[in-house]
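Working notes, structure below.
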Amino acid sequence: MAGGPAISRFPVPELDGLPADLKERIDAVRAKTGFVPNVFLVMARRPDEFRAFFSYYDALMLREGGLSKAEKEMVVVVTSAANQCPYCVVAHGALVRLFTKDPRLGDELAINYRQAEVGPRQRTMLDAALKLATSPQTFGDADVQRLLAHGFSREDVWDIGAITGLFALSNRLAHLADMRPNEEFFTLGRGAQPSSSSTRTS
Amino acid sequence: MAGGPAISRFPVPELDGLPADLKERIDAVRAKTGFVPNVFLVMARRPDEFRAFFSYYDALMLREGGLSKAEKEMVVVVTSAANQCPYCVVAHGALVRLFTKDPRLGDELAINYRQAEVGPRQRTMLDAALKLATSPQTFGDADVQRLLAHGFSREDVWDIGAITGLFALSNRLAHLADMRPNEEFFTLGRGAQPSSSSTRTS
Amino acid sequence: MAGGPAISRFPVPELDGLPADLKERIDAVRAKTGFVPNVFLVMARRPDEFRAFFSYYDALMLREGGLSKAEKEMVVVVTSAANQCPYCVVAHGALVRLFTKDPRLGDELAINYRQAEVGPRQRTMLDAALKLATSPQTFGDADVQRLLAHGFSREDVWDIGAITGLFALSNRLAHLADMRPNEEFFTLGRGAQPSSSSTRTS
Amino acid sequence: MAGGPAISRFPVPELDGLPADLKERIDAVRAKTGFVPNVFLVMARRPDEFRAFFSYYDALMLREGGLSKAEKEMVVVVTSAANQCPYCVVAHGALVRLFTKDPRLGDELAINYRQAEVGPRQRTMLDAALKLATSPQTFGDADVQRLLAHGFSREDVWDIGAITGLFALSNRLAHLADMRPNEEFFTLGRGAQPSSSSTRTS
Amino acid sequence: MAGGPAISRFPVPELDGLPADLKERIDAVRAKTGFVPNVFLVMARRPDEFRAFFSYYDALMLREGGLSKAEKEMVVVVTSAANQCPYCVVAHGALVRLFTKDPRLGDELAINYRQAEVGPRQRTMLDAALKLATSPQTFGDADVQRLLAHGFSREDVWDIGAITGLFALSNRLAHLADMRPNEEFFTLGRGAQPSSSSTRTS
Amino acid sequence: MAGGPAISRFPVPELDGLPADLKERIDAVRAKTGFVPNVFLVMARRPDEFRAFFSYYDALMLREGGLSKAEKEMVVVVTSAANQCPYCVVAHGALVRLFTKDPRLGDELAINYRQAEVGPRQRTMLDAALKLATSPQTFGDADVQRLLAHGFSREDVWDIGAITGLFALSNRLAHLADMRPNEEFFTLGRGAQPSSSSTRTS
């Protein structure tokens, strides 16, 4: 961080002073990813909230179900872009690239998902997520029916809605803290070959 | 529930089949409150998410800090009203009444907090919360400074923002599930005497 | 009013000094209701406007026609909630409770009528009213046809639209004067039994 | 009307069958103006509402007070333009031209009052009126203070707000009925000489 | 201009000092129209931009194709009205009057095109133009298909969209410069007889 | 393009059949950039519009003045992001990276310029540009004064506004054609070292 802008407008604790379980989680993510995503550092100042947030994250994002990992990340990018959240768009845009092997889809979704290379199933998913993100009071039975008609199960509908909800929280925490994305996220997954994969048209 | 509308558009599990810790939490809340708020039943279908959600809730809402219990509930009611969330407005409007002993403040905040009987400190808090709830991308240093200038500590700012974030999630879960408030919440705390208490003008 | 906040940001005249017809109307409403709704006191400073306003009110709200008294009040609550008008939402929410014997419907309509316990006929009525209230320039033949298709007569359509219009005026007068609801309205009609009546699903 | 589009989507009664007081008012306006503005014909189908509406209109628009006739019409044009109401913009744009002798001010106000040739006093009046027309829930003490600081009396503030309210009603009635302006209004007052009068800069 | 308000908030060059081609174009328009529309004077300060702007204008507005001159001007008026651009609405409203011989259509389109006397083909054209003007990110294949279904060719679709785009630029230049319409435009074409021509219902 | 999605929803002409001047321009840009940006191909179907568009582009973007090349591109990216225009955001985001040597600034500006690493001068420029792009009717003297107070000259103000206007056009052309960015733009300039350069804080 030295020399660059702060990653949060709130104080960021030293890793050494953190509770063991936080430290363990952070070490694990560094071991896997090669760096510590800033969200772990920014949230660490409130250990109970850190635990609750990442438990929720794991419960939804690691859950096996009808949505692919890539589809979950698409929901995150599109709803976070509507909230203009730099951390979430940049970090999860990288995950879209990694999970789809498509070096452009993250940016396409962040700028205007209506023109992104996704098929009708995913377009329907993103329409529903965006509606729940930006005008939740109008989300209703018709939206659920549209998702079911495109082959999503009722559990998938919950996943789409709950991930949208979790990032409604996450985006606001990021704006509260003025949380900045790690530099690594900007370039991750950009080297992949232009894709003609089924991901783009599923 | 028999005879009335469903409390969720998703299946609600039987209490008997729930994991012990969920059952325990639900029994505890019934013992304390006299009934089981529907959010516990609606969320119980996904035990991991139930645990994460209520851990987060406890971490923020039970935390000792610069915000009073009543002030936290005010943030919940105003931001949930902006999202037109029946469950959150009705249930937490009741808590505003209980914590302030003011039988009208919950409705006033739900309809138009700008005209509610709150003082400048609380008005500033609610302005910031509403901004983070409805246009989070414009929340910035000036908003934080305004809160600090009204006597909120930096930890209070985090609390205001994080509670706003948690109910951004909660409102969307409630709209996802079409979650309905318990009848009890509509009348709770309405019997209190009209208040001329300091709560209204602090 | 002593000790509480003012009911208007404009001076409120003494009852004794009012023209006889205003005094008579106010006495009549007190005799019937048990208290004087603040709108009569706030409007009394301009006797000609008082007379015109309540003549209009009577012409629409007391008129016999295809809309029930409860349905007229539903239009008032939903459009006034969109304008976040405390006086109109609280006072007419009470009337919804009184006319439907449903202690919850007023709040449900005020928070999010899309999730309130009303049937398709009333939902269509409220959709049209809200559109005319909030984006009147888009109200057109298709909206009229939709109402007719749900069994409303052409005169009912006029009533729905004109009541919406009258409260577009009323809400703005209330915001102009910062008019406050009487305490009595907050609790009126809340004691009724939870309803499984046909009102909720007509 | 023969050969042209209808002036209302509701039936328009024959003049002969109207109650005497309506007929008298309509005859009077024809005698004065040379034609019958369509609003009188469109409203005549509901005599009680006709009476109430024009009583209210007279009470505000004919009232002697701090606002000039031209200023009252400016409020009407700007708020009606925000609601995109053809009848009100065209008819009252003509009155702006007649009262100011300025053949362009009506159109300027209808298109973008921020660029119209009005002075700071009138600009402040129009800002307040537009706010009350389009986001009444945010109208507050600061808006009243701003008007008072520009030399408006408290009664003037009421007039500005009440006229805004009356045309919030009027615009919605016009949209309800798809009411069309008389041809005469389009050209009335356009022949006046370009004005360098004090009206434009008062 | 002497005695009146400035036509631009930027300096307007003397005609004598302009490059020959600009002078020639301005002389030609004066010869044809009888006055120099202010846009030529306001843009002349940047000759290269003047040339590019009017080349673009000519390429689209003078192009022979499926759209009539009147229809092109309708697109200009409706999209410029959405941007509340005085110069473009007044000047091109005059052209609508001249091309249609209808003295009212320009004002009708400027106030609320949904109620203007245009047929379904033109209504569809204006819906598409307004969408591209005000929420371009939602313009998509369905909009193009709707235009084709109403008899527009693919080249017509381009023309509608490109004219909308050119005036998105033009409106912003006019707001940048606070550009004022010539007095002549306010009255041009108002003398024509009320039309029962096919233009109104094509 | 073979195998990938089309770059336009309108036919794209063969290069061989183009007028000589278009072909020359396209060859020149290929020689300089290494590939032909799609905008040249998409616009080529209408040679006169092609010439006008790129003349305008050159007049503004190549003009020597108070704005740096990087600042001009910032205006393009921020206003195009507000219009959710994939081509403009991706292509000009690449130019921001190239001109600033900052591999992250393009994405930061596209997601939320309020949190991007720009100084107060550039923040003021972007605030003004965004206002003119999204609510041009409210752009006024106060906005111009704010720019002048931050050291921009009157000519710079014109440049900021005119570039905003040109891309209001360009964004709508891109949405009209569903124009897709070249793959090359997604990665261009991402290899530069993380910058601590003065660009980020000027």
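Letters A, B, C, D, E and F mark the chains as written, and numbering starts fresh at 1 in each.
One rule holds in what follows: contacts are C-beta pairs under 8 Å (C-beta built on N, C-alpha and C of every residue); 3 or more make two chains touch, one makes a residue touch a chain.
Small disclaimer: the values here were computed from a predicted structure and weren't measured.
Common neighbours of chain A and chain D under the contact rule above are B, C, E, F.
Listed by label, the chains touching chain B and chain F alike are A, D. Two copies of one chain, chain B and chain C, form a contact in which over half of the residue numbers belong to both partners.
Interface equivalence for B-C, evaluated over A-C, B-F or D-E, points to D-E, where over half of the contact pairs coincide by residue number.
A separation of 44 Å divides the Cα centre of chain A from that of chain E.
One inter-chain figure worth recording: chain E and chain F are separated by 25 Å, centre to centre, where each centre is the mean of the chain's CA atoms.
Multi-chain contact residues of chain E (touching two or more other chains): 84-85, 112, 114, 137, 140, 178.
Taken together, the touching pairs give a contact graph of some other shape, not a line, ring, star or complete one. The complete set of chain-chain contacts reads A-B, A-C, A-E, A-F, B-C, B-D, B-F, C-D, C-E, D-E, D-F, E-F.
Of all residues in chain F, only 112, 114 touch chain B in the complex they form.
Of all residues in chain B, those touching chain C in their complex are 3-5, 81, 84-86, 89-90, 103-104, 107-108, 110-112, 114-115, 117, 178, 180, 183, 186-187, 190, 194, 196. Within the complex formed with chain E, the residues of chain C that make contact are 137-138, 140.
Listing the residues of chain F that touch chain E in their complex gives 9-10, 46, 48-49, 51-53, 55-56, 58-60, 63, 83-85, 132-133, 136-137, 139-141, 144, 154, 157-158, 161-162, 164-166, 168-173, 175-176, 178.
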